[in-house]
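Worksheet: the structure to be examined is printed underneath.
First chain written, first letter: the chains are A, B, C and D, and each begins at residue 1.
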Amino acid sequence: MNAAQTARTGFDVAAMRREFPILSREVYGKKLVYLDNAASAQKPRAVIDAMRQFLETDYANVHRGVHFLSSRATDHYEAAREAARRFLNAPAADNIILTHGGTEAFNLVASSFVSPMIAPGDEIVISEMEHHANIVPWHFLRERQGAVIRWARIGDDGVLDLDHLQSLIGPRTKLVAITHMSNVLGTITPARVIADMAHARGVPVLFDGCQAAVHARVDVQAIDADFYIFCGHKIYGPTGIGVLYAKPHFLSAMRPYQGGGEMIREVGFDAVSYGDAPHRFEAGTPPIMEAVGLAAAIRFLEGIDHAAVHAHEQALLAHATRQLRAANGVRIFGEAPGKGAIIAFDVKGVHPHDLATVIDREGVAIRAGHHCAHPLMKRLGVTATGRASFALYNTMEEVDVFVAALQRAREFFQ
Amino acid sequence: MNAAQTARTGFDVAAMRREFPILSREVYGKKLVYLDNAASAQKPRAVIDAMRQFLETDYANVHRGVHFLSSRATDHYEAAREAARRFLNAPAADNIILTHGGTEAFNLVASSFVSPMIAPGDEIVISEMEHHANIVPWHFLRERQGAVIRWARIGDDGVLDLDHLQSLIGPRTKLVAITHMSNVLGTITPARVIADMAHARGVPVLFDGCQAAVHARVDVQAIDADFYIFCGHKIYGPTGIGVLYAKPHFLSAMRPYQGGGEMIREVGFDAVSYGDAPHRFEAGTPPIMEAVGLAAAIRFLEGIDHAAVHAHEQALLAHATRQLRAANGVRIFGEAPGKGAIIAFDVKGVHPHDLATVIDREGVAIRAGHHCAHPLMKRLGVTATGRASFALYNTMEEVDVFVAALQRAREFFQ
Amino acid sequence: MNAAGLDDLYREAILDHGRNPRCMGKLDDATHTGCDANRLCGDAVTIRLRIADGCIEEARFEGEGCAISQASASMLTEALGGKRVEDAERLAAMMRVALEGREPPAANTLAGLLAGVRAFPERVACALLSVHALERALGAAP
Amino acid sequence: MNAAGLDDLYREAILDHGRNPRCMGKLDDATHTGCDANRLCGDAVTIRLRIADGCIEEARFEGEGCAISQASASMLTEALGGKRVEDAERLAAMMRVALEGREPPAANTLAGLLAGVRAFPERVACALLSVHALERALGAAP
């Protein structure tokens, strides 16, 4: 099946797997079948080596130094900003803020951009399928400043209800913040349509690209995003780094987020002034090694055929969906057309945790739980689901191993 | 000199140097002499390898998963918390919050602990020799909430004026936040005395241990710190991770800092509740790889003779101080008794930047500038200084190379 | 299931309690109530007791979650009926030690039945959920 | 100094201007003022011009910082005296291109004298500080 698959999509998955050292490890004496990619993807040799080599040859703190290593490290760091710019097709590197993760980027926007303009009763529009990272910062504004969160509905198929979304955007709306791809349902949202909708009412729009960045091609200019967020560890890069794209006029108007070194212009005893964007938002020693890893991950993705990868992931998704549909008692959550390679599901009579524990002993790693999406769980009427999520290194055989393990687990618990 | 040095202190610096791959590199065809350790220290093989090996064998996201790798990664992550606890001699691992850096830790305390109790006119007491990371967050509270920053004086020798400090602590003081070791002057402050002073007036105390953690032994119980902060990259660990120690009753009373996954208990449409410390303060995917590196750095430090290292660093400091005092036109800033291995200085007729550029071409990396300490620069009456800072891998010969290069630069500019 | 440890985790008794929980439901005249939820996975257990003269006359639970958390709640509440409060407290303490500690519990005890979980550190919290709920119920003011 | 590039960076002319800056000081009847500071190193330059009939009658600077930033300010203000505003603007633009761009500037120009900085990327900002201050002065309302 693998050979056929490769022939069909022109994608050599066996060669790809050799780039990821961890994939050759065993778990309880079984081959590792890693289907928890939406939580975090594994790292190719290129990323691991880039960080190691950087630490062994070019490491120093950035920006503040005039010596050779500091200047090298600064070049590396700024090259990562430029790589992120390319990756998102942002107009300029100054539009890119390197954060310590996706979550920090949401909090930065909430604190530096949204919070200062919130009066009690002002609204933030999100959807029912957001990740907690795109919910809890708005709850902070609700608790502390009286903001109101409006929840755009999704259909039973997991498709965002655009009419309902539109009806929520009104004169008190300060921001529309919507996922570009759901980490549970796989739904990819029509970003340009949403942006136009928000802009028609003069409201800025933020997209949560933490999942989309690895599955879809992102072009922040084409979708006219005002803010776009993704993180390194889900695109085969390191932990501890995220990217916030923002249009320059928002950036220059935003107050600083964290205070510390690098982000200031002048610090006095009774006064302080701040540097320009992006530095104003990058207080302290930044994630330097992580930036090197992020740049390597982006180069890694640039070096492979995006269309072939996409076709491969879609083939995995289709194969898994078909098999799960055929299995007894399995229910799939999320059937949006064009969805990304994530399947949330449950199995009748088997709690997702028990399922995950049982198939883990066969080497199959899936996620079980609420996936940091409590409101979505409520919307779906469950407390937890299983979730299998696919990466470019997964194979059709792995899907088969997963489904067979799931069947055996179901029988065991019956 | 090296052999003698080793004999004197019982410390084998040549062997130590072999643990740090970058030290064998050349710069402009010259041997690298890295004296910018206070900005960031280089990484031993043990740290680099621990992160690489983790990514190659055990990587996954933490906490949320029931599968093998996730459980391994969680163990690694929690082992880092325990390592940080040991390193600080904190009573329990739950007192340890892993942040994305030193700077984030200051901002967390400012935002989650201090900000909610600030009324206009309330005071934060710091010193004239603080790093911007321990200044700018308080300026935020000044700008946004009317807090007042009170500056404890230092003497011309760089010693903290304890009488003045005491006189500043009053009924409106909400926090005393003082460096445990100055990143410019090298001054080590009497933490326990300061803590007792603050506690006598019922005021909590925070210590900035970003420099002290690598040069002094820290015991947060012995000094009775309420908050203690250090960061990974200055103790031979990775970027992107910091540690905040806090006494449990403060932690449990503090509101969350960033919102996102992992830090919640329950997220609803109209309500949210938060998890317990330390998780309440660790939103989103944490610095997992970085935690592995931090734990390796701490184990590395635990594996060497602290007294011998300290003696070695003090010998470097004494040798450099002697030589610089003997050189023409060199002025040293900071002569506190028992100071750590940092020398800030300037050279008559040579701007620090020009000096740093010139000696860089001889392979010597020092820092030139304000060292993220503008107020201290004003106090010293300069806009910038040079700074040489020593690590356990520096040698007496390196000090000689540095001083000789400095002398040549001085002649060049005369 | 032949994979190491799984048979030990999901013993017949546990599967049975998981499928057919005993003592499940409301207890309208409860004097003591305690509940606990697992932040990470959403499992939840509420235990209700009717205590009179230092004796647990009736115990019931409600809950939602995996086989381990629900079977543990079922087995525990079943064991509580008729016990004196001190004995219930002792049972809770014993189970905590048995599931978190180093020494394996005796095979034929309640903790022994759940002991398979010790090989699955990320599932220990599931087994302890009802223990914690019980502790809270016993500690709650009547 | 024999190390590669240093002699080129610190040419005699630059050292001379650094040690004995020309046109340094206040200009009480200035019509145009501009200043810039380097956030990272604290170098600062203020340029003051007296402009009449489109012509720079006098130029002066005040500043603090490294040899490069101060020599560049000294050489630039010296060159400004008597220049027409358009020519000063052209000079600023040329220097920016020469120091930031790919093509090395001609040796016998002002930019040429400063061109050694091109091998020291972290010092280019020092050389451009006074250029930026000049641009601000020229752009400032009289």
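Following the convention adopted for this analysis, contacts are C-beta pairs under 8 Å (C-beta built on N, C-alpha and C of every residue); 3 or more make two chains touch, one makes a residue touch a chain.
Not measured: the values here are computed from a predicted model.
*Asks:* Check B-D against A-D and say which one is joined by more contacting C-beta pairs.
*Replies:* When A-D is set beside B-D, the one with more contacts is B-D.
*Asks:* Taking each chain's centre as its mean C-alpha position, how far apart are chain B and chain D in Å?
*Replies:* Chain B and chain D have C-alpha centres separated by 38 Å.
*Asks:* Roughly how far is chain B from chain C, going centre to centre by Cα mean, in whole Å?
*Replies:* The answer is 46 Å.
*Asks:* Report, in whole Å, the distance between the mean C-alpha point of chain C and the mean C-alpha point of chain D.
*Replies:* 78
*Asks:* Among the residues of chain D, which ones contact at least 2 other chains?
*Replies:* Counting only residues that touch two or more other chains, chain D contributes 40-41, 120, 123.
*Asks:* Residue numbers in chain A touching 2 or more other chains?
*Replies:* As it turns out, chain A has residues touching two or more other chains at 28, 64-66, 70, 264, 266, 353, 357, 368-369, 374.
*Asks:* What pattern do the touching chains form: line, ring, star, complete or other?
*Replies:* Other.
*Asks:* According to the definition already given, which pairs of chains are in contact?
*Replies:* A-B, A-C, A-D, B-C, B-D
*Asks:* Residue numbers of chain B touching chain C in their complex, please.
*Replies:* Per the touch definition, chain B meets chain C at residues 63-66, 70-71, 74-75, 264-266, 275, 279.
*Asks:* Residue numbers of chain A touching chain B in their complex, please.
*Replies:* 21-22, 25, 27-28, 32, 34, 36, 39-40, 42-43, 47-48, 51-52, 55-61, 64-70, 100-104, 106-107, 110, 131-133, 135-140, 143, 149, 151, 231, 233, 238-241, 256, 258-264, 266-272, 283-290, 353, 356-357, 360, 364-369, 371-372, 374-375, 378
*Asks:* Over in the complex, which chain B residues touch chain D? Could you list them?
*Replies:* Residues 28, 349, 351-354, 357-358, 361-362, 368-370, 374, 377, 383-384, 408, 412-413.
*Asks:* List the residues on chain C that touch chain B in their complex, please.
*Replies:* So the residues of chain C in touch with chain B come to 37, 39-41, 121-123.
*Asks:* Using the touch rule from the top, collect the residues of chain D that touch chain B in their complex.
*Replies:* Residue list for chain D touching chain B: 1, 3-6, 9-10, 15, 18-19, 40-44, 64-68, 120, 123, 126.
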